[in-house]
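Same chain, two partners: chain A is paired with chain B first, then with chain C.
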Partner chain A sequence: MIAKTFLKETKELLREGRVRIAVIIVLMLLGVAVWISTRHYQNVNAQYAMAKTAERVIWDNQGEKNPHSAAHYGTYAFKPKYPLALLDQGVDKFAGTSIFLEAHNRNEAQFSAAADQTALARFGDLTPDFILLFILPLLIILLGYNSFTKEREMGTLTLLQSQGISSWKLLLGKWTAVFLPIFLITTALFLIAGLLLGNLKDFGVFNWSSLVMMYLVYIGYYIIFINIVLLISSKTKKSGISLVISLCVWIIACLAAPKAASNIAENKHPYPSRQEFAANILKDKKQGLDGHNPWSKEAKLLEQKVLQEYGVDSLHQLPFNFDGYRMQKSEEHEAEVYLKHYNYLKDQYTQQAKVYRGLAAISPYLPTRFLSMAIANTDYATHWDFADAAEDYRVATQKFLNDNFAMNSQYGDWAYQADASFWKELPAFEYDPPELKETLKSNGSNLMVMGVWLLGSFGLLLFTTKNI
Partner chain B sequence: MIITDNLTKKYGEHTALDHLNLNVNAGEIYCLLGANGAGKTTTINLLLGFIEPTSGSAFINQLNVKDDAKATKRFLAYIPENLMLYPGLTAVENLDYFSGIAGKKFGNNQLKTFLEEAGLQADAFGNRISTFSKGMRQKVGIAIALAKEAKVLLLDEPTSGLDPKASNEFGLLLQQLRSKGVATLMATHDLFRAKEVGSHIGIMKDGQLKQQFVAEDISLSELEQAYLNTMDYKELAS
Partner chain C sequence: MLSYNFKYELKQLLRARWIQLLSVVLLVLFGFSAFNGIQKVEKRKLDIAAAQEEVKENDAMMLKLLDSVERGLEVSVPRWTIPSSPMAVGNYHPRVAAMEPQPMAFIATGQADLFTHYVKPTVYGDDFSLNFTEMTSPVQLLFGSFDLAFVVVFLLPLLIIAFSYNVLSSEKESGSLRLLAAQPIGIQNWVLQKLGLRFFWLAVLVIIALTLVFLVLGINPFTQARVYFGLLGLVLTYMLFWFALAFLVNLWVGSSAKNAVALLGLWVVFVLLVPSVLNQFGNTLYPMPSRTLMINEMRSLKAEVTERQDEILDNYLRDHPEFALNDTTQQRGFWHRYMASQKLIKEELSPVVNGYEEQLQRQQDWIGRFKWISPAIIAQESLNQIAGTATKDYEGFRKQVVNFSGTWREHFMPFLYNNQDFSQADYDALPRFTYQKETALQFGGLGILLVVSLVLFATGIFGYKKLSGAGILDQA
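Right after this comes the complex of A and B.
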């Protein structure tokens, strides 16, 4: 009975012009989106490889130079593009691609793709995640809004009932007929993405398990939508009403809820303004040691402490260059200040993420979006992780340079220059994003919310269609 | 095959069906005559299990409809006034689906045989139902009953709106089913058709079965007279 209903529904759908046209449009959009994304991915990766190599060549070939001058000269940490960004670009477009690493300052990531575009970029890009998150649910509505209402409107439900049809078998047949085309489109997309990524020169982080996990998340998302649409269709009398209610659910779940969640999260746990943030950091930095000011109170206190520790009367008697030592201590103080303020930002972000997760109860879009970005390593958490790794590298670089300055020169010897080969001793910046297992663990609540949505929508659908 | 025992249905104060006692045996066609609101469709809906009786019982093939609603449906076929099938599917596909739901599995040729037996032209088998007339759809309905090997056929105004030729063809089909031992209950306004195809005729009014006849024992004019008298159409009756 299930197979018969499935075949009947599929035949009806295939013979309907609107469904054929809609499926063709979705497939064309997906094709274009994947093509655009693949080209974008290849371009960005080529740029990344070029910039990374060029920057390292510049660093390695500084020639003889004072280490602290090199610290101010700085270098860049480049954020790689991860393979699954081909499917979900997440916040990458807005988060910046490189961080300038220099002495005394922790800089924000800069050169975001959005900043390079005109105001028209506000319209958004045609990306696979846009199709997956917004368009496919619309296709589900188109396929399923009249699944039950058409039986009522045509009068076939009476005949079905007189034939002794079982409600749940009818439901399952109809459910499968809506699910199959969505399943095929999604599977084809992920398969193509997998094959493309498997053959692209990526940076060694692509793995099929992440792709499969992302695929399962989207399949779960579509199952929830199918359940909701069929539930609406089974409870309404007219196809028109069912369509309007389904579209309202789509608007609320996919458009309104994320924006409302963003507003609520920002209101409850606001980020400080950039100006306020910078001013707070400056204030805290001023309250500590400044490596460039040997006459400050903090510098004098450090001087006394070190002289006492080494049992000498003069900085010249120390076995290292106190200027380099002071620079390093100043870096450590500044790094602490940055850590404190960035941890505050991170706390705010964590609180905001909690609000989002709480609001995920009203929209299956939210946990899906978070999981998709997290698996693709294009979420804000990964960006934070990258920024933290870059900061760790910056702090280590400053120590590497200050130690060289301190250990290879005398106090007051600002003319000291490190050997031209010294720069190559600094290990290059490498960043590995969190592994899938780690990502899933940190997104446990999103997985749980998805699970509740899945079970809840299935349960409700089965319960309400018990007596069709 | 079809038995109702003091079958009653009330909607609040209104009694739609009042202690109906019916017995339709295998190979009989019982025609229920009556004006709109007489209780004919209510009787059929109660036999289908679509609504529950207020009191009394209905039996299909000795199974209580209320207690064994699903089991009783194995034995019956139903053709409403406007038999609606899936317009996007062909006659064969519709028959395949509806017989499949009833748990029957047939090959394409067998399905076509049923449609042929139901009197549908062979060149229409592969056409979509959206191109069918009402009479053609009713034939597909009969084919569904044939495929299901239904022992009971419930018809609600099946000839309403059919042209005389189609109506006559439908009557002949019912006679064929009668010869196969199918018990048929047909609600209709059509006295002529009731007299033509029915083995028994009942006249209902205000939810009550007022009169019953064996069709052979009564002429069409006597039936008409009885009907008009029952309906209190004195002027017309005289």
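Right after this comes the complex of A and C.
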């Protein structure tokens, strides 16, 4: 009986013109989106590779220079793109792509793509994630809104009941009929994406397990939507009403809730403005050692401490250049200040994330969005991770340069210049994004929310359709 | 017939509780979104005020220090921050270049969450180091803001669709169409009247709800009468467009469900697809030059310039003989060389910088040429413009700040190259920044929308009979 219902429903869907048209449109859009994303991806990666090597050449060929001048001269860390960004661009467009690494300052990632685009970019891009997250649920609504209502409207429900079909069998048949086309489209997309990613060169490390995980997340998302749409269809009398209600659910889940969440999160846990943030850091920095100011109170204290430690009575007798040593100490103090303030930002974001999770109760879109971005390594957490790695590298670089300065010159010898070959000894900046396992672990709560949605929607659907 | 229709339609709407429901929904949506907008604007105002306050305090301190220095007293601040040095003033006492919100800023967030509203340009560094993006969580930027513009552009059309998708089809489905066919009125006129009345009532509700929300939130719309009526006009015209679509779909499509699907399809196309496709095309046709490669270029140039610093300074002084005349000491230090090189870097990089602005302008023009394809784009752009948060506004702000930062630098050049101290007397002459909104309010988009809607209505009225050869009852 399940198979028969399924066959009948599928035939009906196939024969219906608007379903055919809709499926064709979705497939076309997906094709265009994948093509655009692939091009974009290759472009960005080529630029990344070029910029990275060029920057290293600039750094290596500084010539003879004081190490601290080189520290001010600085270098750049560029953010790479990861394979699954092909499917989900996540927040990449809104996060900066390059960080300037210099002495004394931790800089924000600069040059987000969105800042270089018109306001139209805020409507969204034609990327696979847009279609996966917004358009496919709409297709589900189109496929399923009249699943039950048409039987009511045409009076065939009574006929069905007289056949002695149990309602769960009817439900399962109809459910499978809606699920199958969605399943096929999604599977095809992920297969194509996998093959594309496997064959494209220079695509970074691509592994199938992340792709499969992402695929499962989307399948789960669609199952939730199918459950909701069928539930609405089984509870309403007219197809039109069922469609309008399903649509309201879609709008609330996919458009309204995320926006409202972002407003509530910002109101409750605001970020400081860029200038305010910088001013706070400056204030804290002033409280401590400034490497360029040997006359400050903190510098004098450090001087005394070091003299005592080495049992000498003048800075000239120290086995290293005290200027370099002080620079390093001040660098450490500044790094601490930055750590404190960035941790504050992170705390604010953690609080904001709680708001997003809270509103996931009315929107299965939210956990899906976060999970998908996280698996694709295009989420905010990965961006933080990258920025932190760049900061660690910056701190290490400063130590590398200050140590050279301290060990190879005399106190007061600011004319000291390191060899032209010295710069090559600095290890290059390498960054690896979090592994799938870690990502899933840190997104446990999102996985849980999705699980609750899945079970809850199934339970509700089975429970309420006992007698149609 | 119109008066009958009017009477029965109102009764029907009231009995079906449509009017009541819509009032509540509109009040809640407008209220929540306007409240969100106002909170954002408040934060923006507070941030700017705090920054101004800080500058004021710093200035008082600076004047005190200058006073001490001028009286020959010892001061307890690091040597290079003593404000008698003009470069210290230029670096440690920058002015706030702020973009104050427009009176209607709360109706559309636009680009306001992406860009910062004040910067403090210093003499050190270049225009590249001015970061104009705001510190916002990218997740927030991704999701966007629940502002009034979102309600108008995205949600209002859906309310209209829900309100009008089955005007004709429900008559067919309930069998009352035959009764109607006996009345002395053409079917398209009847649908037009019915939809016209629904438009009328929705318009009344929208106007009342908006005005109420404004008043409750403490904004008097009538102090900004021109802008306010412009806003109302825009919203109503945008609504008219959706009613025009509903009119056509009602006439030509068929059953209620089919109508709803068709209207929703149109909504997806106009509100979601066309904007993203246009944006994609704009980016593909006029791609932004790579920022990462720009960094490389800038770095090489700087490296080269640093090596030639002395030569550059000589050239600079040769171009400015007045400095050689006024200054007898002829002392030249770090800052003399630095400022001269910076000037050169700025000149050499300006084609690169302008490249970005020009490309953005080309993208903007491209969208301008095709925006009539989607009324949602017109509505969103016009709302951003009214709010003063459009791309153009931030572009204008950027340009003004860059200009100001040039003025700020130039202001200290005579001090620097004449080796002249900065004194208390020079304080009042420090340049100040005031933001000037460059784009005048234009309601050109409104005209396009109106024409498009009227054309759609006319198509329905005059084209209906010709296309559907059979009578309306044959289809039923």
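Throughout what follows, the second predicted complex is superposed on the first by the 465 of 468 C-alpha atoms of A that agree within 3 Å, B and C clash if a C-alpha of one lies under 4 Å from a C-alpha of the other, contacts with A are read in each partner's own complex, and residues count from 1 in each chain.
Keep this in mind: a residue touches a chain if its C-beta (ideal position, glycine included) is under 8 Å from a C-beta of that chain, and two chains touch if they have at least 3 such contacts.
Because the structure is predicted, anything quoted here is derived from the model rather than measured.
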First (chain B), second (chain C), both or neither touched by A:265: second
Touched partner set for A:154, first chain B, second chain C, both or neither: first
Touching partner for A:163 - first (chain B), second (chain C), both, neither: first
Contacts of A:277 with chain B and chain C, given as first, second, both or neither: second
Partner chain in contact with A:8 - chain B first, chain C second, else both or neither: first
Contacts of A:206 with chain B and chain C, given as first, second, both or neither: neither
Touching partner for A:16 - first (chain B), second (chain C), both, neither: first
Most chain A residues touched (candidates chain B, chain C): C
Partner chain in contact with A:296 - chain B first, chain C second, else both or neither: second
Chain B residues touching chain A - in the complex, by the definition given at the top: 48, 50, 70, 73-74, 76-78, 80, 82-89, 93, 96-98, 100-103, 144, 148, 154
Parts of chain A lying in touch with chain C, wherever the complex brings them together: 18, 22, 29, 36, 47-48, 50-51, 54-55, 58, 62, 76, 78, 90-91, 93-98, 108, 110-126, 130, 134-135, 138, 142, 145-146, 238-240, 243-244, 247, 251, 255-256, 258-263, 265-267, 270-277, 279, 290, 293, 295-296, 345, 349, 352, 356, 380, 383
Residues of chain A touching chain B in the complex: 1, 4-5, 7-8, 11-12, 15-16, 154-156, 158-166
Chain C residues touching chain A - in the complex, by the definition given at the top: 32, 36, 39-40, 43, 47, 50-51, 54, 78-79, 110-111, 114-120, 131-146, 150, 154-155, 158, 162, 165-166, 169, 255-261, 264-265, 268, 271-273, 275-280, 282-284, 288, 290-293, 295-296, 299-300, 303, 356, 360, 363-364, 367, 376-377, 380-381, 384, 390-391
